[in-house]
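Worksheet for the structure shown next.
Chain lettering (A, B, C and D) follows the sequence in which the chains are written, and residue indices restart at 1 in each chain.
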Amino acid sequence: MKQQTATFRFALPSPPHWAVRLDVAQPPRAGQYVLAECGGPLREALFPADVDADGFTALTPRGHPITRLLPGASVDLLGPLGNGFRLDRVQRLLLIAEADKLSVLRPLLNAAPAVTLVVEGPTRARMPAPDSLPPAVELLLVTLDGSVGYLGPLESQEPAPAGQERIGPLLAELIAWTEWLCLACRRERYPALAGLVRQARLQPTAHFAQALVHTEMPCGVGACDVCRIPTRHGEKHVCTDGPVFDLLEIGNE
Amino acid sequence: MKQQTATFRFALPSPPHWAVRLDVAQPPRAGQYVLAECGGPLREALFPADVDADGFTALTPRGHPITRLLPGASVDLLGPLGNGFRLDRVQRLLLIAEADKLSVLRPLLNAAPAVTLVVEGPTRARMPAPDSLPPAVELLLVTLDGSVGYLGPLESQEPAPAGQERIGPLLAELIAWTEWLCLACRRERYPALAGLVRQARLQPTAHFAQALVHTEMPCGVGACDVCRIPTRHGEKHVCTDGPVFDLLEIGNE
Amino acid sequence: MIELAPTHKYGLSLPTPVMPAAGVFGYGDVYRDLLEEGVLGALVTNPISLRPRNVAQGQRILTRGEQVLLHTGLPNAGAKAILRQYGKYWERSPVPVIPHLVATTPAETSKAAVLLSAARGVGGIELGLAENVSEDKAVELLHAAQDSGLPLIVQVPFSRVDALAPRLVEAGADALTLTAPPRAVLPLPDAPEDKAESGTRLMRGRLYGPAVFPLLLNVLARFAAPGANQLHVPIIACGGVASPADALTCISLGAAAVQVDVLVWRTPGVLREIAAAFKAL
Amino acid sequence: MIELAPTHKYGLSLPTPVMPAAGVFGYGDVYRDLLEEGVLGALVTNPISLRPRNVAQGQRILTRGEQVLLHTGLPNAGAKAILRQYGKYWERSPVPVIPHLVATTPAETSKAAVLLSAARGVGGIELGLAENVSEDKAVELLHAAQDSGLPLIVQVPFSRVDALAPRLVEAGADALTLTAPPRAVLPLPDAPEDKAESGTRLMRGRLYGPAVFPLLLNVLARFAAPGANQLHVPIIACGGVASPADALTCISLGAAAVQVDVLVWRTPGVLREIAAAFKAL
């Protein structure tokens, strides 16, 4: 962990987000983050949606303070911070994201020869544009209103109404199929999702399922205690112990 | 008094100031001002240094919040506010300013066929650039360190050291010569300057000498009482009773 | 209609629960070109004392970030002169006028209160107390102001709500304004000439700005909120209210009405917006 | 050297009068990559209680403009676990470690104070009090913490300085931290799902940010300033200090040292800048 100066290149609309490009010597890896000084009383956490040798692109909400910078501006960063996703020699990769949290998984879309991405969202309009994904990725959609794809939520055990289908059985197959599982959902979802993993795989290896936890992280270094969450091994700091945790550690508090 | 929307055209360095151009339907006249919304908790008072039918130019300190706007931005203005300078069919006009307050008199530099401008400042480097003044204006410089022109302060009665000269006698002549006198100095100076006027002219007409008072003016409408100053006729509001006052009314409290 | 003095024989009812805070709106007519009639629920005036007060010496206003520090000395022409100048205007006011009365001595406070209550259009009086007033003195001043016979609102200093609010209600205040601005201190910017001088020059005054709002909400949560209100009189919220949403938050925390302070100078229209939000409820 | 406990048998002397406020710096080692040794005058830890405390439920932080509202629940692993984890680090600390002790009951406070004082490197204890603690209870808790035998600093809640500070000094506090952050309340941003729910959801917590600084200076002007200091113990200024100039203003108002709060998270280097400004004096 250290302090670096990045160069802000641009912020462009990338609905429903803005794409923000920063050039920096040590970019964060997938699931890691930086804390950027953007003029407010606290720093802003930025997760990479795309990383290369010269820097990274983050997807931020519209109106995010960093989108107000002028191209060429210097940005003071703390980081890269935290533990990202760790994937070794992976052939088959399963990704599960809520639609508005998908961006943190985007750096993994090319991480394996066979990638399956399950996206859950409230409705069809909130699903990612297919052309924003690499063509090789197999995309499965789940909507809470059934407007496209399977009927959500992901973990529902209830029978689907006529003409609609749940993803449950397929998801169990995918979890059995994949070598690694990476998730980006609200933290409250993880216990139920951990339950799916335990049902589908009897003895998952440590870190088989890696879940990114979103919380406010004012300091990023374990100083402020704002980001503490309960885990199977006591309270942990999302900022330093995470943001990527073993799903089975945080899925069963 | 009313609320209008101006268009910010540009802010350009005009050492030691920045020149800020606003287009607006009803620009303030010389000695009047507008209160501009620039993002801070209070509005900022802007006095015109140059006025035309389409708007006005104000000279602001470097780093003034309005200089951070982008060309074309809309600016919410209250005003024109206050009483400016009032000059009727004037042939001979005398202007007296401290160097850092000269900008508020600039709209008067062409107000008469014969204009004499006396500028007092701490030292030569703070004097206005001669090419920033109309060629017809007669410029007299007074410096507190004697580095150029007469030795200040303006109202000093003490004999000058060898090789230097006071402006006192000439100033008395100019006050006798002029039809109107307009001043822009710190308020503490006005009692002594009023004394000069009384010495040079026995029965000055009302408003012969018009002095602009600088104070903070948060509201501009007489509501906040921040700008109250003592006058011969009790306390007055600089924002609504001024900012231009009869020198003899505020010069002798 | 909002009733601010439900147990008073005259009552004090307002068409809408929004008004300027004392010290930000003058005595009533200066915003006539910017705000149409009928926007306000009441007109709280600038501070008025029996005798004329001059403006404070030295720095009167200082901003730092979003904060505004103010020290005016509560200048005013005195109750009689103000009545002469504004009495006619108050008479025609479509909403109750609430003169803000500067509590000095009990005798002066009584005299000024009686004078002001004689003016048509005056519907109640708001009493302003010094930050360090003793509890007994505060009650004495309240009784003096009650000589007016009108509904009496007391604006309670920020740091003294715990000690003063219950005493004032017990002593008969019809309503409380919570709170007067907190006292604060800031260093004055160095004048170049002063660099040599030893020590920091300071400005003392009252703190305004958006940061006061979370402090106000804490006071409301403790003293006004449904369930927590031990005071049993209407509470007028005052301090950093900056939007219709802020005003509604105050009401949901038990306030009967809100005052808007220095934001009025920057954005007079905020009073209109808040009034409209209340009308839409 | 600054002496924070001049009448205590051990004393508590600091190489430079700047330190983090409780709750912003962890237990000592997390800023090692960003701040070199020797910058701080002392290391004030995050709050420590005898028994482990869990993190608060619900929203823990909210910003609004320049303001930061914080409610963590003072989570910590408990005195014993913290000693196990950080005791070695504290032992090697070049500056005194000042654990911030959460005052719960007198018995627990005494136990925790004694435990912490056994650690090498610990030079004094800072005691944190609940906002609504009674005066007698505060004195009782102070006496309990004195069982440590070490110099004792008490951090006084913002709204309680008048009532508590003199009592605590009389009861033997070696120094006071003025102040703990003010309590404040803000509405939570509406979650889209919640629009239908009636009422405003609120967050209660401690207020941080630059607006606290003018409030701090007012406290210092009343309690610490040369001439005004009736307390006769060293005062540590805490609240919104944002620059070397701010720190020097506190010192000119009678503070013996300053604590920097949430600004450390955004700009850890501010501690270095302030220390450098003091060195240059």
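Everything that follows uses one rule, which is that contacts are C-beta pairs under 8 Å (C-beta built on N, C-alpha and C of every residue); 3 or more make two chains touch, one makes a residue touch a chain.
What you see is a predicted model, and the numbers here were worked out from it, not measured in a lab.
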Number of steps on the shortest touching-chain route linking subunit A and subunit C: 2
Shared chain contacts [subunit C and subunit D, defined touch]: none
Centroid-based (C-alpha) most distant chain relative to subunit D: B
Whole-Å gap between the CA centroids of subunit A and subunit B: 60
Rounded Å distance between subunit B and subunit C, as computed from the means of their C-alpha atoms: 36
Gap in Å, rounded to a whole number, between the CA centres of subunit D and subunit B: 50
Multi-chain contact sites of subunit A, meaning residues that touch two or more partners: none
Residue list for subunit C, restricted to those that touch at least two other chains: 66-67, 209-210
Chain contact topology (line, ring, star, complete or other): line
In contact (per the touch rule at the top): chain pairs: A-D, B-C, C-D
Subunit D residues within the subunit A interface of the complex: 23-26, 30-31, 33-34, 46, 54-55, 60-61, 63, 66-68, 70, 72, 75-77, 208-210, 262-267
Sites on subunit D touched by subunit C in the complex: 64-67, 69, 159, 162, 182-187, 199-200, 202, 204, 207, 209-215, 217-218, 220-221, 245, 248-249, 252-253
Interface residues, subunit B side, partner subunit C - complex: 1-3, 37, 40-43, 78, 216, 218-226, 228-230, 234-235, 240
